[in-house]
Amino acid sequence: MSKSKSKLNRSYRRRGAGLLVATISALVLASCGASTSSPGGSPSTTGAKSPIIIGAVIDETNTMKPFDVPALNAAEIQASQINASGGVDGRKIVFKVYNDQLVPALTRSDAIAAVSAGASILWVSCDVNFATPAIQVGLQHKLLTIAPCIGTDQMGPSLFGPAGKLAFSYGNAPQSDGAVLARLLIQHGWKTATVVTDKLLTYFTDVCQNFSTDFAKMGGHVVSQLSYTTGDHTVTQVASQAAQSGAAATVLCTTTTPDLPAFVTAVRTLGNAKPIVGPWAIDGGFWEPSNPAISTNIWWSTFASVFGDDPSPQIRALEAEMVAKGEAPVTGGFVTGPAAVQGIVTAIKDAGGSLNGTRLAAIMQTFHDVNTISGPVSFSSTYHTVVGRPYRIIEDTAGKPHFVEILTPGPLGS
Amino acid sequence: MPDQAAEGDAVNLAGSGDAVGGAGAPPLSGSTGGLVCSEVSVAFAGVRALDKVSLSVNRGEVVGLIGPNGAGKTTLLNVLSGFASTVTGSVHLDGQDITHFTPQRRARLGLERTFQHGRLFSGLTVRENVELGALAVRASSRSARSIADRLLANLGLEEMADLPVAQLSHGDQQHVSVARAVAATPKYLLLDEPAAGLSEGSMAELGVVIERAIRESGAGVVLIDHNVDFVLKLSDRVVVLDYGEVLAEGPSDEIRRNVDVVSAYLGEAGVEDLAASQAQ
Amino acid sequence: MSWVSDLVNAISLGVVYGLVAVSVGLVFGVLRQVNLAQGEVIALGAYSLWMTRGLPVAASIAICCVVCVAMSLAIQVAIFRPLRGASALTTLIVTFGLSYALEAVWLIAFGPNGEPVSMLSSLNSVVLGGSIALRWITLVEIGASGLFFTGLVLILYRSKIGMMMRATAEDFQTARLVGVRIDRVVTWAFVFGGLSAALVAVLVTVQSPLVTPSFGFNLIVIGLVGVVLGGIDRLGRATAGGFVVGFVNSLLGAVVPEQQLVFLPMLTFLFVIVILVLRPAGLFTPRGSIVERV
Amino acid sequence: MRPRLRLVAELAGPLSLVVVVAVAGSAMSIAQQGNAINVLVTATIVVALYVFIGNSGVWSFGQISFVAVGAFAAGLLTSPTATRQTSMPTLFKFLATTQISNTESLVLAAGLGAVFSFLAGLVLMRLSGLSAGIATFAVLEITYDVLTYWDKIGPGATTLALVPVTTSMTVGAVGCGIAIVVAFAYQHTRSCRLLRASREDPVAAQGLGISVFRHRLVAFTISGGLAGFAGALFVHELGSISTGQVYIDLTFATLAMLVVGGAGSLWGAVLGGMGLGVVDAFLSNAENGVAFGSVNVTLPNGMRVVILGVLMVVVLIIAPKGVTGSREFLERFLSKRPGRAGAGNKPGGSLAGGASVADDGSQAVPSPSRTQS
Amino acid sequence: MNPLLRLDDLRVTYGRVVAVKSVTLEVNEGQAVCLVGPNGAGKSSTLLAVMGAVRSRGDVLLRGTSTRGLRPEALAHLGVAMVPEGRHLFQTMSVQDNLSLGTLARRQGKRARIDERWVTELFPIIGQFASRRAGLLSGGQQQQVAIARALLSDPDLILLDEPSLGLSPVAVDAVFEVLERIRGVGVAILLVEQRAQRAIRFCERSYVLSDGEIRLEVTGGAVEDPQAVVEAYFGR
């Protein structure tokens, strides 16, 4: 019955196999062409006025896009301002951007492409898991490797060993996140807290752990410790327990997964209107249910307010410029981009214009309260992620997030 | 053994048909030889497909199994080969109780079968199909190869050995199906409608192939086909099933003349005139 | 008393997956093919709820239904018509591919952040407080699914089209011989599949308002696991299987100690494997009902 | 002589594709070389999938579990012990201190993959059809969950970094070649021939005395071993691994490759793996902008996955057996022409002459099982 | 005037198996015609080809119009009903549901020859077992329901495939009585039987089919050369 059909299929198949082979050869050729023609020319290291190339291997497609892209956009604005005012000792800063789409092999080959296109500094995605294939390429080539907003202290020797000395993140360490949340609760007189940890990422666990330690040290009391894992369908049960724990505030360490609004919705509708407090990862407000009774009394820490009311005129100006370009940032993390550029420039200047990664890294490691748009930045041999930088505290009232205050986490280990 | 075939209510016109069958039967040690099923009943969803049917076949003997559509022929073959699950009664192979053995296990004990519509491995060549018959029961690749080559030569199939079976005519496929089963050097061979869908010419060819294959293997054979003539010609002894019961049993020419058999096929009432004219 | 709320929660998650299973089971019933892309129908339905967030709730839900049915039918025409007669596994793989492509489309169209649907969020408020925390949405889930199942059963057993669907599911060929217009039956199966997808979209977004690109895929994968677990051959068994997976997952979540909760997926899927090994044809398929085809 | 020629072609076809990719890849820029290595490694995974799926006809969604186990084992034990102890303080002692060479890690990964798949297979290989698909998917979920959250056996939810990058173009090509040779050699064993027979017709296979379970288990184990091996190549290609990288996305991508190439033949697996791998790399580049001569083509971000998915759907609808028709390399040309085909009954013109009455043939014959209740 | 049904050199092949080599026959309005022959002769395939349920070559003309390309459901709506071999009731559905499905193909605006009352009268068991699951009925009862289901479409032609298969002699008698009644209201019958004798006597015209070809045509229910019939079945 299907003879004529199968005959048809066969001829299609024959053609299909041929086509595939032809396509492969065409694409191989095209890729050859691409590799020679795309990142223009070989870098000249001789000319004093040659640009400083920052190779950015980031995600412009997938789940890291909301973090990576605004940070890069802001960084490019910062770079163009620096370039406009004469550059770094007359050299311009140029970004070469590669979209890794969070595909591991692509992340690695993009980084290699960036290096071979003459990048002296590697700029990577804001998630250390996704960025590692690129980071390791940077470290292997002894390049200064910068992530604008990785929020764990893994960006550095702790994960990458001695080679990791060249890796820095301009995000805040989770220790800081935890500490500032503890301070927020104490400052507002919320002496008891329920701590809810999403076990999905180590970052969340770290924030909540540091919060609990610091909170106890400051005289607070953790009433109960709860946890779930994003996607395991237990979030509403956990929310019920949290809502009924009787604590003055709920601290939730997670990110903007579907389980976050589910949690908030469940807690609020169970009649618990007490503050819900979270780290920078929940910044943005886009995830909030538009019901004002639910999206209220929610607090979080961040780098900058994206709600138009940041106290820093510099940040407001930068935001305005981004909005004008149609690149309005979603979270305050975008300021880490220009901050990183400023840090890089400072290091290069201190190194007398050298782009040697080891040298730049040695300088950057000694940063102590280096002024950036995001506030003072400090690193140390233990922390290649920013600690002690002041946070913006945002409160969401009836669906309207707004800036409340600036809080500085105490020195770590206090 | 002799008492196995003469079951109670079956009309045994042959009288002596239950005596030890084919001339080629090997001498049996004791009474436990042969492939024997006794008092087998099978029911599907309340409908009785087989009702206390007993059947035996010895090495070297060809037992034909005929009966109208729905008489229970294939069900009986499934019982023997282990493909039918709801069974009362028992199946013995050379004295061993195999009633609860899986088809694979039975095959490895030397009980092979073919299937309606061949069920060849259609993507493979003729030789590969035949080799698989041998390979499936412990032969090494090399010996399977030589078994297959010898069989294909003996059965006159060598010229198509390297063709994919899907390209063969239906008749040739049936030949291969028989060859594949014989390649396992079975002790007993169950042939399920090998002539289905064949023209008369191809049927004659198939008959030749089957006869050669039987001689080749020395196996005891149970042959089902709805072409009565085909079965009668090839069988030493014929069992007639109708409504899940044994209706008659005996040598081919007796069965051909049996009035009950004719009426089973042509209809109960008013058959007398036909039968009468046949008897003349 | 917390076991009461655990039980009720488990039932409500169970019925959601039961609904997901219905949309897979209906199509499988008439075509013997698996439609994994039904998850993307749910996702689009959920996105449509977000896109119509300015409209009255009833209008929003109505549009969601229309969108889901339309998309379900589009999949029918584009994928299942050319694949008529292909095996269940072939269609599973094809719709798997389609799902992935569509998920990438949602990513492009709606972005990775997800969009919040706030419709009916008041349903999350409690009916009973105290140790038995029972929320309206739980009741609504059970009630709405109950109504849907009842409606479906009524349609299947009381209407002409339902009768035709049952006949087709039981014996495709004979159904044609008595004059059942198969194309119409298939169309209706996809329509009901679309409607159940819409219902899932509405119910799930009430509790978990953020619609992300993988919204539907996550649901359908577990739904399909349930369908196969229950016995894909029969709509009732498939639905019950979906229910069981949701129910067991939720109940395990309540029972497993806090520290071990990260291993909940492992436990749930171990349960799935055990059931499949013991009852390969499905948990609710009577033993010995598979007759070897010879 | 034909059969021997066919045998040579069956092995030479896939191997020459490996050589082509490796040589062409080496000629490209250093970044594109990375992509070429990735094509080779991915093709190795596809070959591993093929060994089970292709030969048994049972769809497994769980083979990436074995890739994951191989990748983590090989990665963990080759990463520097010093950082292991600081970044993964919870590891079992022997995991924290044992150090093996990269070559050893490849062997170990293959062994672990084989052991793990053997154990899983003991439980699962009696299943077939959709049940097998779902059960193997459950294995993937379980493996992912355990690897992500049991931080005594690995990095848990964080990345395993600092794995030596040793999968060069040569290693990738040799590794892929080894997998192909193993798959080829296995394909011609008695066990595999019986398994392939059972794929074509399980009932007839049973009737011939073939133990489908046993031969499936053998295939599953070999496939698991190759998958573990491929996992080790993978981790040594990237230099790092996290659980999300060896989960559903990779499962989808490699299955798509197998299906598009043609699941039933080694040639199909290799062609699909390499072909889609190259297409994938091309699309990735295209999202960054690619020059076609003087024209610069830039795909919208995210289109890569859309195109791959649609490609898979379209290929399966047009050619359900993949672009190779699930035939081995040059099989159509090296097998005998249909000499006696249809000798018994010359149809006298094709069926196209008679208009079809039933629009869907496969449904036209009532299937008995559907009426059983 | 055109015959109700005409098969013109009908041929059916399944892959490489030739089921029907060449069948040419006619069925006139209100006439009973049977196809007899041994198992595997191609009888069932002929009926399925008439319904458009298997691919065929040659032509099938209904009231002089070709039905080429029409699907089974379309044929059903044109007034052809079929009782398939093995009855094929919807086993899990009630008798009433099975019968309701039979009415799907009733044509609008046509003077009804057969309605539910007529059928209930013909098969008293229908009233008795209307709500019972069809699968629970005995073989004979199932056969009655299957015929009733086909009749309820009020067809011009009914195709019956081995209605006596597996039935006791008493039940077979009942089937032929029913067929007599059906013919009585002017419905044409194309009957396939393996057990030939009874069918040949019943029908106005009979064809003995063997090996996919018509070997013998018998008119008027009397067999002039019984030996030929026997040979068709048993060979020489």
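Note that the chains are named A, B, C, D and E in the order they appear, and that numbering of residues resets to 1 at the start of each chain.
Simple rule for what comes next: a contact is a pair of C-beta atoms (placed from the backbone, for glycine too) under 8 Å apart; a residue touches a chain by one contact, two chains touch by 3 or more.
Since we're looking at a predicted model, the values are computed, not measured.
Engineer: Stepping chain to touching chain, what's the minimum from chain C to chain E?
Structural biologist: Steps on the shortest route: 1.
Engineer: Which chain has its C-alpha centre farthest away from the C-alpha centre of chain B?
Structural biologist: Centre of mass proxy via C-alpha means gives A as farthest from chain B.
Engineer: Which chain pair is joined by more contacting C-beta pairs, A-D or B-D?
Structural biologist: A-D
Engineer: Measuring between mean CA coordinates, which chain is farthest from chain D?
Structural biologist: E
Engineer: Can you work out the whole-Å distance between the CA centroids of chain A and chain B?
Structural biologist: Centre separation, chain A to chain B: 75 Å.
Engineer: Any idea how many Å lie between the Cα centroids of chain D and chain E?
Structural biologist: 52
Engineer: How far is the middle of chain A from the middle of chain C, if each middle is the mean of its Cα atoms, in Å?
Structural biologist: The mean C-alpha positions of chain A and chain C differ by 36 Å.
Engineer: Take the average of all CA coordinates in chain C, do the same for chain D, and state the distance between these two points in whole angstrom.
Structural biologist: 30
Engineer: Which chain A residues touch at least two other chains?
Structural biologist: 1, 3, 61-62, 199, 229
Engineer: Among all residues of chain C, which ones touch two or more of the remaining chains?
Structural biologist: As it turns out, chain C has residues touching two or more other chains at 107, 170-171, 173-174, 262, 264-265, 291-292, 294.
Engineer: List, in ascending order, every residue of chain D touching at least 2 other chains.
Structural biologist: Only 149, 203, 301-302, 304, 320, 342, 344-345, 351, 356, 358-359, 361-362, 364-366, 371-373 qualify.
Engineer: For a test of understanding, state which residues of chain D touch chain B in their complex under the given definition.
Structural biologist: 2-3, 188-190, 193-194, 196-197, 200-201, 203-212, 264, 335-336, 338-345, 372-373
Engineer: Applying the document's contact rule, which stretches of chain A touch chain C when the two form their complex?
Structural biologist: Listed in rising order, the residues of chain A that touch chain C are 61-66, 199, 225-229, 231-237, 240, 243-244, 256-262, 265-266, 268-271, 284, 286-291, 293-294, 330.
Engineer: Can you list the chain E residues touching chain B in their complex?
Structural biologist: 14-19, 38-40, 91, 135-136, 139, 162, 164-166, 169, 172, 193-199, 201, 211, 223, 226-227, 229-230, 233-236
Engineer: Show which residues of chain E lie in contact with chain C when the two form their complex.
Structural biologist: 51, 53, 71-73, 76-77, 81-82, 84, 88, 90-93, 97, 100-102, 104-105, 149-150, 153
Engineer: Which of the residues in chain D come into contact with chain A in the complex?
Structural biologist: It is residues 24, 27-35, 38, 41-42, 80, 82-83, 86-87, 149, 156-159, 161-162, 165, 237-242, 244-245, 271, 274-275, 278-279, 281-282, 284-285, 287-293, 301-302, 304, 315, 318-325, 332, 350-352, 356, 358, 361-362, 364 of chain D that touch chain A.
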